[in-house]
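Only one structure is covered here, and it is reproduced in the block below.
Residue numbering begins at 1 within each chain, and the chains themselves are lettered A, B, C and D in the order written.
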Amino acid sequence: MIENIPFFCAGLLVLIGLAVIVTKRDLIKMVMGLALVEAGVNLLLVATGYISGGVAPIFTNAPSTEMVMATVQAMTLTNIVIGIATTALLLSFVMVISRKYGTRDVTEMRRLKE
Amino acid sequence: MIAETLYTGFGAWNPIVWLIALAVALLFAWFIQRLGEPDIPGEGESGKSYISGNDEPSPEDGHIGGSNLYWGFTEAMKGYYARVVPLHTGCLTDYVLWFLGTFALLFILIGVI
Amino acid sequence: MNMSNLVRSGANILMPFILVYGFYIVVHGHLTPGGGFQGGAVIATAVVLLMVAYSYENVRASVSKHVLKNSETAGLLLFIGTALLALTAGLAFFGNWLLDLGVIFGTPVAFGVNPGDINTGGIIPVLNIAVGIEVLGAMGLLLLAMLGGLKGDAE
Amino acid sequence: MMDFIIANAPALLIALPMLGAFALPLVGRLGDTPRNAWVLGVALITFVIAALLAWTVLSGGPVLYTFGAASPADAIPADSGGIPIRIVFTVDAMSAFMAVFASFVGLVTCLYSVASERRSSGKDGYYALMLLLLVGILGMVCTGDLFNFFVFLEINSLAGAALVAYRIDKGVSVEAGLKYGFLSTLAGLMVLYAIALLYGQYDSLNMAVIASRMSYTMLDKVALALFVAGLALKAGAVPMHFWTPDAYSMAPGAVTAFLVVASQAGLYGLFRILFSVYGLTLSYVTVGWAVIILGVLSMFVGVSMAIPQKDVKRLMAYHAVSQSGYMLLGVGVGLVVLGDAAAMDAFGRTAMEGGIFHIVNHAMYKGLLFLTAGAIFLQTGTRNLNKMGGLGHSMKWTMLFFIIGALAIAGIPPFNGFASKLMIYESVFAFSPVIAVIAMVVSILTLASFVKVFHAIFMGPEQPKYEGVGEVPKPMLAAMAVLAIMTILMGVFPEQIVTTVIAPAADALIDQGAYVATVLGGI
């Protein structure tokens, strides 16, 4: 049971992130909610590769014991990089919008509809 | 290169045959048009278009804009459009909610819950 | 609007350490935790430190966007070029054509527990350095644009 | 040289546009003409490589390309225990088909941009993003690795969102870009969550390995729901289509035409996951009906929302939603009868061929229509149908291309829309007559709405306010002409296209065993 806690935490983080996205009206907070979802996915990825008692997967440091899975860590790093690019892009959109519209409220950001 | 017939399992479709038929039909149309009066009315009073004795409208008034077309259709479907158009709120939160709702429906349909 | 003397002196002292640490993480990416992206991000924090200590206007004069943009382009081209060179060596795309060649980064890896030799890894350190150059340019540009107030296009 | 290119075609397909995009800041410094030549050259070479790759795949079977290996075909290293550990590009007939027409549309839209963006600033970034979007699409359709698929999906989303927001236009297009970027990122993260669930169970990211080990547990069902929801959002299926009209209406014409292909790459991902990764293990009747329902909803809601629109590009965007419904319908019917060999031979295969044929047809005629809309916007400065009129007097060529596109999308013979729609109607009629009737009604409504657009833009007396409006520059006309010629050719020779390209693509989707065997060897 105790070893499954990271997986539950990952699911919980995703749900918290979705709740933030849905309930908050400030665009910056919505982007933060998206970052929370991403953090949850990252946690799930890292947790799938963990072996209890494993060492860091560096070839020259490894004694002949078990190493944790390196693939998921590479995937997590990639996703962090992608996440930074996404967050930066979305935040710069929010900057432009708040300057042009004078508000960051998502319910005011409705010039495109029907 | 001659187009082969496309068999759809139940019927067939050959564009070349269709194009030949179209060409023949156009030939007939052209022939019939030739039987008509070749002259067009000249300048002056006879050249003007006759709209029940009213003056010809200016170019701005003479064109029917996009919104006026299919007015009857949208009017007849008013009940439908009154429900569907307001769904497109333009609000990002609603978009996310629709996504999550579809996701929940798929969950039930696929049989997770 | 400059910060107090204390903050500026602190930034001056910390600056070389941040840069050295960033470059260390970049170059040792194949031996220790870290790598191009992490090291590049550390170097880019130096830009933030400068901007906190001095004002945006002063920083913009010394850290030019042009240089950052060029380093971004150079890093990306180095990355893709290294990967493409593998094709000329008869390997697949991203094939490790420097491995075990004996020249730079080409020493075979020793077995057993050892502190690690920086002269191993083939093209992996090269790719790390390329990513490091790219990331410090891109992040620096991003931070300059965001903290300074973006005028024109996105990114 | 030729052998070298063919042997490394899948890698060059990704590497060349990437190199082109990264070198643009350097090339752009030389001036406008070298930059245009560079972009067009890179796009052209990419298209040629994609065509060579497709020729190799269609004549010699699927192509494997292992990144970082000693030899590209060496997917399974000797010491790996029989599983591929590297990123393997698995290019079968379906992938090659998508890659060819995606790079074709990329070339055409770059050609169009040369003229349509000639007066705007920031062209380095614009073309770099166009090429990156091309990279994202090509990577998505070629890769055989799930995480790699996610990475290219994100490249696709980010480049697309940045392109939508590129012309700020008082902030409105940034609003559209934000919506597009936010939703596609959310969908991408859902896809990544599903990938993590699959990886945790099957210890591999390779689609073929996962397919061979798939046991359809509870976690697989969760992953399936995440995949379908996320990728259907990327494809713009109702009820997750709301970003489509926003993003498509605000982006420049060339970008919109390319975004259509970008969302079709999402559709490809959906089909690939459903057929090649899950295949017969999933409850294909239920999931197939889910896809059909998404398709029918998309068709009907899309076209009915299009009719009262006043913005010409918004109207066309709703038609894009409606047309992707046809593809979902055709392939969904194929999925429902996946386990029933008799029904599959009777109508399922035809339905899938129709759906897949519709993908390329839609890319051609919808691209053409968006390009004409962009041309009209460029010359008149408005997208409002109520303010336009009488442009047929001054923009004769654009009008001709618009007519071709409109007739094709409405399914009027002899244009290409008719051939694929006919295949969908007839096969779906054998499956469920009611849905076939809905599909035909939607087609009629499509024609009706394009008659409205045609009348509003081109018909009527010449308007005094558009006196100085002339024809658009030649590169834009050339881009539209190329797409129009393709629309006609594919309509006049449908059988050749279907037998040489579409049928192998449909078979590649249906035959999951062949896909697995391509990577893992005969099992």
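Of note:
Throughout what follows, a residue touches a chain if its C-beta (ideal position, glycine included) is under 8 Å from a C-beta of that chain, and two chains touch if they have at least 3 such contacts.
From a predicted model like this one, the values you see are computed outputs, not experimental measurements.
Contact tally for A-C versus C-D: the pair with more C-beta pairs in contact is C-D. Centre-to-centre separation of subunit B and subunit C, using mean CA positions: 56 Å.
Rounded to a whole number, the gap between the C-alpha centres of subunit A and subunit C is 23 angstrom. For the pair subunit C and subunit D, the distance between C-alpha centroids works out to 36 Å.
With each centre defined as the average position of its C-alpha atoms, the distance from subunit A to subunit B rounds to 45 Å.
Shown for subunit B are the residues in touch with two or more other chains, namely 85, 88, 90, 92, 96.
Chain contacts: subunit A has residues 21, 30, 89, 93, 96, 109, 111-112, 114 touching two or more partner chains. Shown for subunit C are the residues in touch with two or more other chains, namely 154-155. Because contacts link the chains in a way that matches no line, ring, star or complete pattern, their graph is best described as other.
The chain pairs satisfying the stated touch condition come to A-B, A-C, A-D, B-D, C-D. Residues 147, 151, 154, 157-158, 161-162, 165, 168, 170-172, 174-179, 181-182, 185-186, 189, 192-193, 196-197, 199-200, 205, 245-246, 249-250, 309 of subunit D are the ones that touch subunit A when the two sit in their complex. Taken together, the subunit A residues at the contact with subunit D in this complex read 14, 21, 27, 30-31, 34, 37-38, 40-41, 44-45, 48, 71-72, 75, 78-79, 82, 85-86, 89-90, 93-94, 96-97, 99-101, 109, 111-112, 114. The residues of subunit A lying in touch with subunit B in their complex are 18, 21-22, 25, 30, 106-107, 109-114.
By the touch criterion stated above, subunit A contacts subunit C in their complex at residues 56, 58-63, 77, 81, 88-89, 91-93, 95-96. The touching residues of subunit B, when paired with subunit D in their complex, are 1, 3-11, 13, 15-16, 18-19, 22, 59-60, 62-67, 69-70, 73-74, 77, 80-81, 84-85, 88, 90, 92, 94-96, 98-99, 101-103, 106-107, 109-112.
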